[in-house]
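Shown below is the structure under consideration.
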Amino acid sequence: MGGNGNMKRIDQLQQLAQNSKISRRHFMSQATAMGITAAAASTMWSRTVKAAPKRGGKMRFGSGHGSTTDTLDPATYANGGIIHQGYGMRNHLSEVDNDGTLVPELAEGWEASDDATEWVFKLRKGVEFHNGKTMDATDVIDSLNHHRGKESKSAAKPLLAPINELKADGKDKVVFKLAGGSADFPYTVSDYHLAIMPSMGDGKVDWRSGIGTGAYIKDKFEPGVRSTFKRNPNYFKSGRGHFDEVEFLTIGDVVARTNALSTGEIDAMNRCDLKTVHLLKRRKGVRVEEVTGTLHYTIPMHTDVAPFDNNDVRLALKYSLDREVLLKTILRGHGVIGNDHPISTANRYHNSELPQRKYDLDKAKFHLKKAGLTALTVDLSAADAAFVGAVDAAVLYKEQAAKAGININVVREPNDGYWSNVWLKKPWCMVYWGGRPTEDMMFSQSLAQGADWNESHFSNKRFNELLVQARAELDEAKRRGMYEEMQVIVNRDGGTVVPLFANYVFAMSDKIQHDAKMAGNWDMDGDKAIERWWFG
Amino acid sequence: MTMPLTGSTFSGHASPWFSRVAVAAVHFFLLILFLQNVTVDFWSAIPGFVFIHAYSAIVLVYWSRLDQTPAGDTVIVTLTLEFVLIAILFWDSFSAWPWSTLFGLALVQICAFAAVRYWSELRQAPYSAWFGLIVILIYIMVAATAPIIAPFGETAIVGAEYDEWSDKHLLGTDNLGRDMFTRLIYGGRNTVGIAFMTTVLAFVLGGLAGLLAAAMRGWMDQVLGRTVDTLMAIPSFIFALLILTIVGTSVPSLIVVIAVLDATKVFRLARAVSMNVVVLEFVEAASLRGEGLWWIIRSEILPNILPPLVAEFGLRFCFVFLFLSGLSFLGLGIQPPTADWGSMVRDNATLITYGDITPLLPAAAIALLTIGVNFVVDWFLHKASGLKD
Amino acid sequence: MSESKTRDVLLNMHGLRIEGRSDEIWQEIVHGVNVILHRGEVLGLIGESGAGKSTIGLAAMGFARDGCRISGGTIMFDDVDLAKASDDSLRLLRGSRIAYVAQSAAAAFNPAHKLIDQYCEAPVQHGIMPRAEAESDAIDLYGRLQLPDPGGIGFRYPHQVSGGQLQRAMTAMAMACRPDLIVFDEPTTALDVTTQIEVLSAIRDIVRQFNTAAIYITHDLAVVSQMADRIMVLRHGNLVEEGETRGMIEDPQKDYTRDLLSVRSFRKEISREPDPETPLLRVENISAAYGKTPVLYNVSIDIHRKRTVAVVGESGSGKSTLARVITGLLQPSEGHVYYDGAPMPPDHRKRNKDEKRRLQMIYQMPDTAINPKQRVSTIIGRPLEFYLGLRGGDRDARVRQLLEMIELDPDEFFDRFPGELSGGQKQRICIARALAAEPELIICDEVTSALDQLVAEEILKLLQRLQDELGLAYMFITHDLATVRAVADEIVVMLQGEVVEQGPKEQVLTPPHHAYTELLLSSVPEMDPDWLDNLLEQRAN
Amino acid sequence: MPQLGRMVAQRLALGLLTLFIVSLIIFLCVELLPGNLAEAILGQAATPETVAAFNRELGLDLPPHERYIAWLINIMQGDFGRSLASQREISELLGSRLQNTLFLAAVAAAIAVPLAVSLGILAALYRESIFDRAVNAVTLTSISVPEFFVAYILIIVLSVNLGWFPSISNINDGLSFWEKVYRTALPAFTLTLVCVAHMMRMTRAAIINLLASPYIEMARLKGLRPGRIILKHALPNALAPIINVVVLNLAYLIVGVVLVEVVFVYPGMGQLLVDSVAKRDIPVVQACSLVFAATYILLNLLADVLSIMSNPRLLHPR
């Protein structure tokens, strides 16, 4: 894997440059020797060297997400706009950093029992909320309990369901007792819902004020319009939260967003128009970036419903989809093709050995024949509520599958109520997944037997065994083996076609700088752009 | 609105032989086109044959009364209504060849009738009106014969995405690799067709209600008037948004919803102009004679309020057109993959920022048609009001 | 003639040709007319509609209405040729040296401004006098024109002033700049006869006082003979006859002039004694109101078969309301209507088809009384279908028969639209429509007042013939005593909703009269140049 | 004038009735919308359990008529209630939005109305001239294009290429009046282009319509200048239709600007309403609709009152 080797060396080189260990000339010669063009190397140099963060400036961010009905209650967070603002105001026990690794945030660290059923989080000391109160275990427990219990209307409720007991051990320690072993539990508490807010003392938390421990203090909050923030002078993290002020604008219309960036009325935007992003790149003073993340599209079949109960039918359908064309037309190349399992290259245990499934009409026909069929007619439900372009994707799929003798009847569903009336209800439909930071979370939610969102009604004995084992397995290598096997199982037997992983494509002013690597778990550097970026 | 009651407004003299030949020619044109394009077996072509001939029979029945009479107006309006109703009821089968084309050709035929009927007026029309009429005619022809003149299928993916303009793809391809030129033609057919049907339905509903209110007055006028006031008090965009979300954005529901909302405005006009007619003595004479409501509406009032209504039809058509494209902008209009100009502008709007004029084309198409219609309406109003300044 | 030659010529229109546009084609409507007007002289232009009299009158101001143009001839006003003068120089003359008094003062006064504001506009804009001076001048003129409250009337809006007063105010406005010439375009046509006298005398006095030249346009020879020194009779854009007023009235040279002079000579033959049978229509003690405004008080009338009852009165007398009550369009607050002895439901919607059929109506304005979008065959054929159930060929044959009955050629008119008919022809169609129902009683509401006199006379003769042939009864509503004299068997005189006098024609028309009848009768202009003088003198006594 | 007063009172009472019916219709519509608030907010995360919890907390588990009556009683006490989704006071939520909407409408009207009326007068004065035709063609074109398209073109030309105006209208309370006007310029221009044609054409038509009337002929025969004839004699009598069309357009400027708000990211009522419909936030939808309907009713009343005031027949009865 020559390419991989090169990548590592470039990383090293950049590291050296960033720490001022090498000169520009040295950097350039080394980089060009590795096959990088001079121009690219030059850009890389300037970006790397400038990478020393600076404080100051007012960052104006135009977000395609955000709604007038957004609230500061993390239990109701429903879109990237409010998630981003939430990350700016508040912190969590743990954080997925820009490398994609899990690091402690408000916790100093954690320890698990051997079976991974009991977790002890040691809290960072001396962290102050914006109102001056010092964060302690009560705040953490109340914040998490905000999502638990009968009356909770939080979308994070199922995430915390495995917690049997949650208690403080002194002021600085929180103990979780889980129903079953979970090696990735520290990942769970990094979920965007589980922000730590000041307790009001009666077991409730104060979410209305927007007070948290985060890098920015709420100034004005007009949901769906604009919010302004000021830098938290007492922020506990070093090297984060560089802007003096942040103005967060909701700009729903992509043309307006793009124009605003072009005319310098905002400094960064997300959700670029994929159709014209190549033109946007040519604009002076504008930089377009993209990150492959965990966001992916699925086309799940109910594996207990005919004809999808026959694995050959499922394979025939998987083979009759040309993912490359879909990538080109739906995402205009801004993504990677999927391999019929939900684990992204951004995940830790992605199985890179598993052969990529290709558009293969012969194989499709073969499996169709094996299933005892010469022709097949199936309904595929789609709406753009699933993801932008879902209907187009379904239409493309229909045209491609027709060549294998499969007649896909595209059923256009209404956008409204798609998630309640179509998803999980119709035997075959288009779905979008934001992705989960860990294999365990992804598999548990979407493929485990009995999971609420087991969209393909998948029930594979071996898979379910492995899932439980791997969850509690603390040995890295063994875990990797298990997860890789599970990906193979899903790829071969699963009822889910996973055609694409979408890139996050966003653009910013030239003046904006960021670390060489950006997180792929959410849009805009893990939705932490305002915390992580700075003006160069 | 001044009332054109002089009667001389439409008293042209067209020679009957000319109009007969014109209609016969259109009929044969229709038949030949149909036969040429029937690719399916004989039996499934039968409905088409029946359709054409039943249609011709209707034409012949109305025949003797057609030339240069106000009855001719009625024939044109009736035929239009028939087709619109059929099209709304059977939209699904109508959007498929050959029904849609038959429908389109029927429209062409209606235009031919109108042209023959009003030939003497047309001769005196100013250039702007001629320009408008020609534009409208071209649009109708294009819409009617879309499957024949379009090089590719409406939703067929025939090339790479965003191809340049070339011999194969005259205007390049769109984001899915569909031919832009083809989409533009079909978009015109869908957008114009739906806007036209919506407007007609709005006029049937609003016009009828307005006539009823004016003719019956009393409680009927009050009830209808209050209902319309209430409906108008709700912003139509929001109302359309609500209703379309409830009933779903299928083409028939789109047509009905916008038509009902637009009918309120038609109602007001129809009622106002009818009121001017109702107070005239010939209406009093008819009601003294003991004529029924229907006769009074149809024979006494309607022929006299047609000119302002027709002019309003043109304007409302434009508004519906723009309304539809506005809804498409918010994603509630005609749904993909059906081509429509509003969403074509919307889909490609970002390109304008980068100096690509492709999205200008559907917008220009919308503008050209509305301008054309407005020119004709201007001329018509000018004629109907007898203004000679 | 020799006397007038010595006075200097103010206006000389020579070989005047005017074209009008219809359907984008220009057609000549005035064919080379010569008009000479001297200072201080009043010239009467007379003719029926279409004679071109108004067009010539406006041409005297160098003005052509939209759709008309002056295509030939010269219009010498003093030394300026108005036909060739620039817009600006015309504008300077108009209002200051040539002024205009329009037919309907109610329409010609701008409803948005007070009378005195409109008066002052011309003198102030033409820079003749400042506003304050113009105002006091206006009040003076209002007084001379015998307007009530001359100091205050100018500060009212046009709709607050009655028609006769408005017409005088307009004359004052025309006088504002003391013009050399005033064009009066049928200034009294829209007025009631009693009002007409006041206006006529006021106009004549003021013109004489200021020695202003005037062109007086009218269709009424009797009126013009009171006003004009000289008369020009016009027909179809040509001059028929010209002469001194007295000479023309006493000794007309042309047949057409003689026709105009003899227009009021038609008299119905005196009919038989009233039949003793029950009246065809009995109106008994009817009172009616529009909303809260009472319009009719205790009116009773009998109409017998084959008889003509004329209901005469000025505007506001309630005569048309009476017709509405009889036809059932307005329900009376008191009283009943009996038809052939049986009470009729007051609401026409509750009457049965036969009751409706037997009582038909003919309206004042034939333009609005027939649907312009229906053919003659439909207009006349519809009652045939509706009442008598005639269809197809039977119906068409009957329509043709009816057309013949009203003296129109069936082949020519069967398929026509009202827009292709003249006013008189339209009124005939209305009559045929009424006849189609085979009625017993026809209510004729001012059926001749919108028509030219000669045409009106034909219509009256036709109606009379039909009565003789078909034995119809007529209720004739009119303000015109000449019509009453011509057709009535019995006369009902109405004033402000009440019947002031009623009885057989001879009885009502023979003195002694009721005071109001006397006023009405004496106010009808006669073909005598001295009539107005005599009358005013008489009344002054 | 007692008649005018009675008319206003009558119309206001009728308006209240209309408002009541409007609220009922809107309530029913929102009730009929597929899905509910909880599902709309939770999206993919809507489990039966969380949805039920949501509904219980917001009282959405009560039967519709009870909720409507409760809402009605509150509204009669002047309490608009709280947004279901954000729990914010609706009056506060609506207040700034309404202010912004009115501000935009005012700026647009301040440009559009004088422009349209003067263009209409000039076009009537010089009718059939090159000027008339040019104005007609330009205004016709501007209404023949979808408004979002006009907006985009204005942005490209005036903002992206020339850089004269900001492409988005990021306004907030802290700005000075002129700064606000500056930032509102582009949406105001767009709306101006969209509604000028209608008003201008109506002004022109209303005036030309009167030119055939006898009193205009009289004015011409009095030798008055053409300009004076139009301004002094035609215009006062053409006021009623002009007022009507102006008010109609004012109503449009207030209630019909959703698209422009979206394109320019203008924080007005339209976007709030669209968002609330999407989230099934009934009280907000209700409140917005009521404000819109009330605006419409009041503006129409204003038009009628002004029409009466402009008509001496009605203003000065005999």
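Worth pointing out:
The chains carry the letters A, B, C and D, assigned in the order they are written, with residues numbered from 1 in each.
Please note the rule applied: a residue touches a chain if its C-beta (ideal position, glycine included) is under 8 Å from a C-beta of that chain, and two chains touch if they have at least 3 such contacts.
Since the structure is predicted, the reported quantities are computational estimates derived from the model, not experimental observations.
For the pairs A-D and C-D, the count of C-beta pairs in contact is higher at A-D. Put simply, the C-alpha centre of chain A and that of chain D have 42 angstrom between them. Note on chain placement: the centre of chain C and the centre of chain D lie 50 Å apart, centres being C-alpha means. Look at where the CA atoms of chain B average out and do the same for chain C: the two points lie 47 Å apart. The geometric centre of chain A is 90 Å away from that of chain C, both derived from CA atoms. Residue positions of chain C touching 2 or more other chains: 66.
Residues of chain B in contact with two or more other chains: 245, 349, 352-353, 389. Multi-chain contact residues, meaning those touching two or more other chains, occur in chain D at positions 33-34, 152, 156, 160, 212, 262.
Pairs of chains in mutual contact: A-B, A-D, B-C, B-D, C-D. On the side of chain D, the complex with chain C involves touching residues 212-215, 217-225, 228, 232-233, 236-237, 311-313, 316, 318. Across the interface of their complex, chain D is touched by residues 58, 61, 63, 65-66, 90-96, 99-100, 102-104, 107-113, 121-122, 125-126, 157, 159-160 of chain C. For chain D in complex with chain A, the touching residues are 33-35, 38-39, 41-47, 49-50, 53-54, 56-57, 83, 85-87, 93, 96, 152, 155-156, 159-160, 163, 166-168, 170, 172, 262-265, 267, 271-272, 275-276, 278-279, 281.
Listed in rising order, the residues of chain B touching chain A in the complex are 155, 157, 161-162, 175-177, 245, 248-249, 331, 335-337, 348-354, 356. If you check the complex, the residues on chain A that touch chain B are 254-255, 258-259, 262, 273, 275-276, 279-280, 328-329, 332, 384, 391-392, 395-396, 399, 412, 414-416.
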